[in-house]
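There are two complexes below, and they share subunit A, which is joined by subunit B in the first and by subunit C in the second.
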Partner chain A sequence: MLRFATARLARAGLTIAMVVTFAFVVLRLSGDPAQIIMGADAPPEAIDAFRTAWGLDEPVWVQYLSYFSAILQGDLGRSMRDGRDAIVLVTERIPATLALTLPALLIKIGLGIPAGIFAALHRNSLADRIVMVVAVAGFTVPSFVLGLLLVLVFAVQLGWLPSGGQESWRHAILPVITLGLGGAAVLARFTRSAMLEVLGQPYIRTASAKGVPWRSVVTGHALPNAAIPTVTIIGFMVGSLIAGAVVVESVFSWPGVGRLLVVAVSNRDLAVVQCILLLVAVTMVCANLIVDLLYGLLDPRLRSGTRKAG
Partner chain B sequence: MATITRRGALAAAAAATLARPALAQADDRPALTIAVQRLSNSNTFEPPREQSNVGFRLHNIYSEPLIETDWLGDLSLRPGLTTAWRRIDARTVEFTLREGVRFHDGREMTAEDVAFSFGPRLFGTQGATGAGRSTVLAGTAGKEPPAEVIAVARRTYPGLERIEVLGRHSLRFVNHTPDITLEGRIAQSVGAVFSRAAFDAAESWLAWGRAPVGTGPYRIAEYRPDTMLILEAHDAYWGGRPPARRLRFVEVPEVSGRMNGLFSGEYDFACDIPPDQITVVERNARFEVLGSPINNIRKLAFDKSNPVLADARIRRAMTHLVDRRTIVDALWAGRTEIPRGMQLESYGAMYLRDWDNPRHDPAEARRLLREANYRGEPITYRLLNNYYTNQVNNAQIVVESFRSAGLNVQIEMKENFSQVTERSPGRGLRDWSNTSLFGDPVAGILRAFGPRTEATRTGEWISAEFDRVSTALESETDLERRRGHFRRVLELLEREDPAYIVLHQAAAFTAKRRDIAWRASKGWAMEFRAGNLRVGA
Partner chain C sequence: MPEGLVTVATVVPPQPKRASVPLLVRLGGAWLLAMLAVALLADVIAPYGYTALDLRNRLSPPVTLGGSWLHPLGTDELGRDVLARLIYSIRTSLLIAFGATIIGAVVGTTLGFLAAHFRGLVEQAVLALVDFSASLPFLILALAVLAFFGNSLVLLVCLLGLHAWERYARIARGLALAAGAQGYAAAVRGLGATPWRIYGRHVLPNIASTLIVSMTLAFPEVILLESGLSFLGLGVQPPETSLGSMVGYGREYLTRAPWILLAPAVTIVLTTLSVSLIGDWLRDRLDPTLR
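Moving on, here comes the complex of A and B:
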């Protein structure tokens, strides 16, 4: 068990190191933060002063080493835009993002899973086709299109809700719906597929043949077995709680981590980008760990290690 | 413990009743919401740290330089915080400050505040000229301005030697070199006057930079980075009570978001509207779009170090292929102007009325290309995705014009300016613009080309003669000789050894409610003082 945990931790650490290195290389070699932050018309003296102040005049490998060693010491650096600690900037934005992604996650689960189960239980019926058409539409329409559509209807035409900003709970409604509907569609499709696969298994037929009521068959045998792929998808969704709303935050001018990431990338504000990436990586690793534990809860064979391939 | 008596309660109730109409009266001014693409590039509002169109929009709302620019008029200089100024000699200007000007912290502005604003605030402990600065003020320890602030300040005031405080309301600026443009330099937002006491009281430079205490008609009340900036009326403003109670600037990066918010009634103004959306806005009778050419000229710049463009005849040929009128009509609906070379009428006596751009003449272009023995060698055009308004559409028109004469110009999309200007094989053409910070060539084209510019450092365009003439233009005080130097500058940059092709003046468009009487300025600045805002018109 210890070896397993150590291996997993080492792999997670390696993943994070690779993410950090990749982001550094891409961001540093594709633009000069000094010129981007100071602007196209900044005098050369100002750009030089900025470069010197932030160590950008050092060779790239020296910058990389000093950055990496600082991370190992727990120092995530400071924003080149205003000199504040990157971790402070990022953590300031997390509540705003969670205010969108957590309710959206509830919509995804609350709408997507029942819709998928319903469609599977009514396979090839009109209701199934309607649910799937809606799910495919929700899955394929990009969030910025859906967001703009909702704004046009509910903000511009009806005037019921604000079109953007973050001043009250009403401002969160449209972005939450935009995020929630797309995810619900994904979950509905996966849940339906998983349910259909399980419903075709011999043990479902056996249970039915034994006279177990259909409701009990579904809740006691089908749902738990169909839950594993659904939990996997939910795990991904939990992992993207922090930075999974980049587009929606931009469309709705919502000042969360996603907006911060866009601004930081465009400014090549390396410390802030890295801080967000680290946070996302850690969230993903934690979400995967939770999913692994849930697998064990859902499938006793995984707990005892008796599940056989095939 | 406080005791409430019947008499006290009655008095309080009476006071509250009486105060209500007064409060209502104080609050009857509108609170306006203005949607902008970006609030601040640097997350601060200190003008030298925010020298871009983003910053220029806001500077004169909360801060003021000694000399004002007439943004709604002809961009001329006029009294502001100073009621009068006079030239003592070519190096010295004396100012008489307006009395009774109050900072946002309630303190009266004095000559000491001006000395501070051009001293430690801009130059830190190093001073304008490094060691030996004559004005040393205490109270700034631990608040050394960022290095780039000092660099911008030194660039803006390269010759500033000292400030002599003559009295509570009078002072002199003394340069170590003759400079006929000193008044113009002082009128820039870098030279805004701020409260020395407020600076001393600030916790850090960042805290100061987020809420500098100036004299403008509105004071910074709240700033949430990348989200909103709230400015409240400065009722003690010397220029009259501000007509809005509150200005709330919100950052809405997407054009569609700004327009939708305007249509839904959440925003009163939506800035940074592209020209092709003007008709969309004005289709609704409740809204209109205001805007005009501003003090910024768009240009297409050449890289002389490019092996093909090294031949001036090829660059000269290209200058004859751009049909500016077509671009302005097709992409700007005719709502901007074509300047006569890289100069503006606001240059006043320095404006060369008889100067003009190379004429649109494809036949002459083909002749020059034949003469240069051009054989279709590729020329790369590094292009950003609409950093400038209409940039990509403009590039497509220009490239087709070049191709019609046989020039093999290829567009290469880039993500940011440092990729565009990177000194690497393939650098050939690029978009650029030039803002004239005040009405003189030294505040315009000489900021882009010359010995201490990025164009020289990156090797895009270097000319020994230009460096000589431009240096003379900066220090010359005789008007006719200055005009002569400026003409030679334009001859070199636009005719003999072209550095760029002038395209058109940039224009800024702001959509707003039609019932708000307001005029757009002739620069990036937005003006909300008394006389330029009335709601319910």
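Moving on, here comes the complex of A and C:
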């Protein structure tokens, strides 16, 4: 188990290093930041001063090394627009985003998994069909369309809820529902197919044949095995807690990380974009790491690496 | 070789009668064909240009809400015909989605084959890249690249082309390795075929059905990504128009003129739904192992 954990940890570190390198390479490929920020007709002295101030006059590898070490020390640069530390700008938006994504995650898990399990256990029943139709719709209706439809019905027509902003908890209801429903549909579909696959396995037939009550077959044999693939997708959802609401935050004018990202992208505020990129990558990699370690606990075969393909 | 196949086929007992194509899949196919026809014939069937203004009929409602037949789906704030814009948006969105899906499949498959062919360092590098793409939600990555490079239609297509490349790479690598073990690849290699010939003429046709299924599954995701980016104002830029940017624009008039937004929104949903239905059906049909 320890070797397994170390190997996964090393891979996680490598992936983050790749994201940092990616950000650096893309940043350098995209042209001269001095020109972009200062504008094409800025006086040469101003551009030179800007270059010196941001270390852009050093050789590329020096820039890369200092970039890497700065990031290791938690220095992610300052917003090129308002001069504040990018990390501060981003972190102060995190609570607002979590206020949407955490309740949405609860909806996804609380609604999606039971629906998926129920549909799988009652395959081809009416309930199964309904779950599947809703699940496919949840995947094919983009979140901005769902969000705007909810606004149209509940804010514009009925006037029950506000259409955007962050003044009270009532403002969070529509965005949370928008996020939660889409994710619940994905999770239901995934859980259903994981359950169906497990239910078709020989050990389920064996357990039923030797007289284990169906209820215990499901709770004792089917659910733990179906949990393994489902944990992956939940891990992905946990990993996108920070920036999984880019579109929904924009629909509802919610001042979270996603909204900040969109604004930073349209202003080309590279330090902020890069900070969010790294933050998301770190969250995602951590979530994946936890999932992998959980796998090791859930599935002893993976620890020793003797799991057969397929 | 074909003779051998024919004799084998005659020995095999007759296949059980194939289930007919489900109604929903047929409807999906019909919708998709209609969309393709609209995209191809956009210049012919569009009643107006997509930037043509009709200032006397601004925010005119569609016929179903008491508008005139002059503008069957209504007009927007500038008096531009919603139907005409919808037709051109369908063309843009489909063009981007097709282009991007093909780029993704070609890039991914090539890298997968390279990994399977060279093994060693090349394979490790490809797998590390796969890890990297899996570590970032694609929307975030796309936004970052757009922030760094600015926006253009070509960049947008290439960028969306990177979506799902790692899936094709994984599939192509796995299947190419399996093909290498199956003997036919080794046989043609023994006959002196070049790698181009082995992978292009022998391995690729054998794994094509799996790749095509993956493409059908990735296609709606690309449409959703493009419309999401365009909705945020970071994808297709005006005066060009796509389904997502139409929704983004129509959002400003949600209370006064919801039809501006509803027409493209319904089109997006029906199109992605159709492709998903066809993709799921093809997957069950051609490749039960892929899930």
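In this section, the second predicted complex is superposed on the first by the 230 of 310 C-alpha atoms of A that agree within 3 Å, B and C clash if a C-alpha of one lies under 4 Å from a C-alpha of the other, contacts with A are read in each partner's own complex, and residues count from 1 in each chain.
We take it that a contact is a pair of C-beta atoms (placed from the backbone, for glycine too) under 8 Å apart; a residue touches a chain by one contact, two chains touch by 3 or more.
All values derive from a computational prediction rather than experimental measurement.
J.: Quick check for you: in the superposed arrangement, does A:Val145 touch first (subunit B), second (subunit C), both or neither?
T.: It touches subunit C, and subunit B stays clear.
J.: Of the partners subunit B and subunit C, which touch A:Phe22 in the superposed model: first, second, both, neither?
T.: second
J.: Touch check for A:Val212: first (subunit B), second (subunit C), both, or neither?
T.: neither
J.: Give one of first, second, both or neither to describe whether A:Ser266 is in contact with subunit B, with subunit C, with both, or with none.
T.: Touch status of A:Ser266: both partners.
J.: Give one of first, second, both or neither to describe whether A:Val246 is in contact with subunit B, with subunit C, with both, or with none.
T.: second
J.: Could you say whether A:Val156 touches subunit B, subunit C, both of them, or neither, answering first, second, both or neither?
T.: It touches subunit B and subunit C both.
J.: Between subunit B (first) and subunit C (second), which, if any, makes contact with A:Ile47: first, second, both or neither?
T.: After superposing on A, A:Ile47 lies in contact with subunit B but is clear of subunit C.
J.: Return first, second, both or neither, reflecting whether A:Arg11 touches subunit B, subunit C, both chains, or no partner chain.
T.: A:Arg11 sits against subunit C, while subunit B stays out of touch.
J.: After the superposition on A, what does A:Cys286 contact: first (subunit B), second (subunit C), both or neither?
T.: A:Cys286 sits against neither subunit B nor subunit C.
J.: List the residues of subunit A that touch subunit B in one complex and subunit C in the other.
T.: Correct list for subunit A: 30, 148, 151-152, 156, 163, 250-251, 262, 266, 268.
J.: Touching subunit C in the complex: which residues of subunit A?
T.: 11, 14-16, 18-19, 22-23, 26-27, 29-30, 136-137, 139-145, 148-149, 151-152, 156, 163, 193, 197, 239-240, 243-244, 246-247, 250-251, 261-262, 264-266, 268-270, 273-274, 276-277, 280-281, 284-285, 288, 310
J.: Which bits of subunit A are touching subunit B when the two form their complex?
T.: 30-32, 35-50, 52-53, 79, 81-84, 89, 148, 151-152, 155-156, 159, 162-166, 250-253, 255, 259-260, 262-263, 266-268
J.: Help me check something: in the complex, which residues belonging to subunit C touch subunit A?
T.: Going by the criterion above, the answer is residues 128, 131-132, 134-137, 139-141, 143-150, 220, 224, 227-228, 231-234, 244, 247-248, 251, 254-255, 258, 261, 265, 268-269, 272-273, 276-277, 280, 289, 291.
J.: Taking the touch rule as given, give the residues of subunit B at its contact with subunit A in the complex, in rising order.
T.: Interface residues on the subunit B side: 41-44, 51-52, 146-148, 150-152, 154-155, 206, 209, 224-228, 250-254, 256-257, 260-261, 263-266, 387, 415-419, 421, 432-435, 447-448, 452-454, 457.
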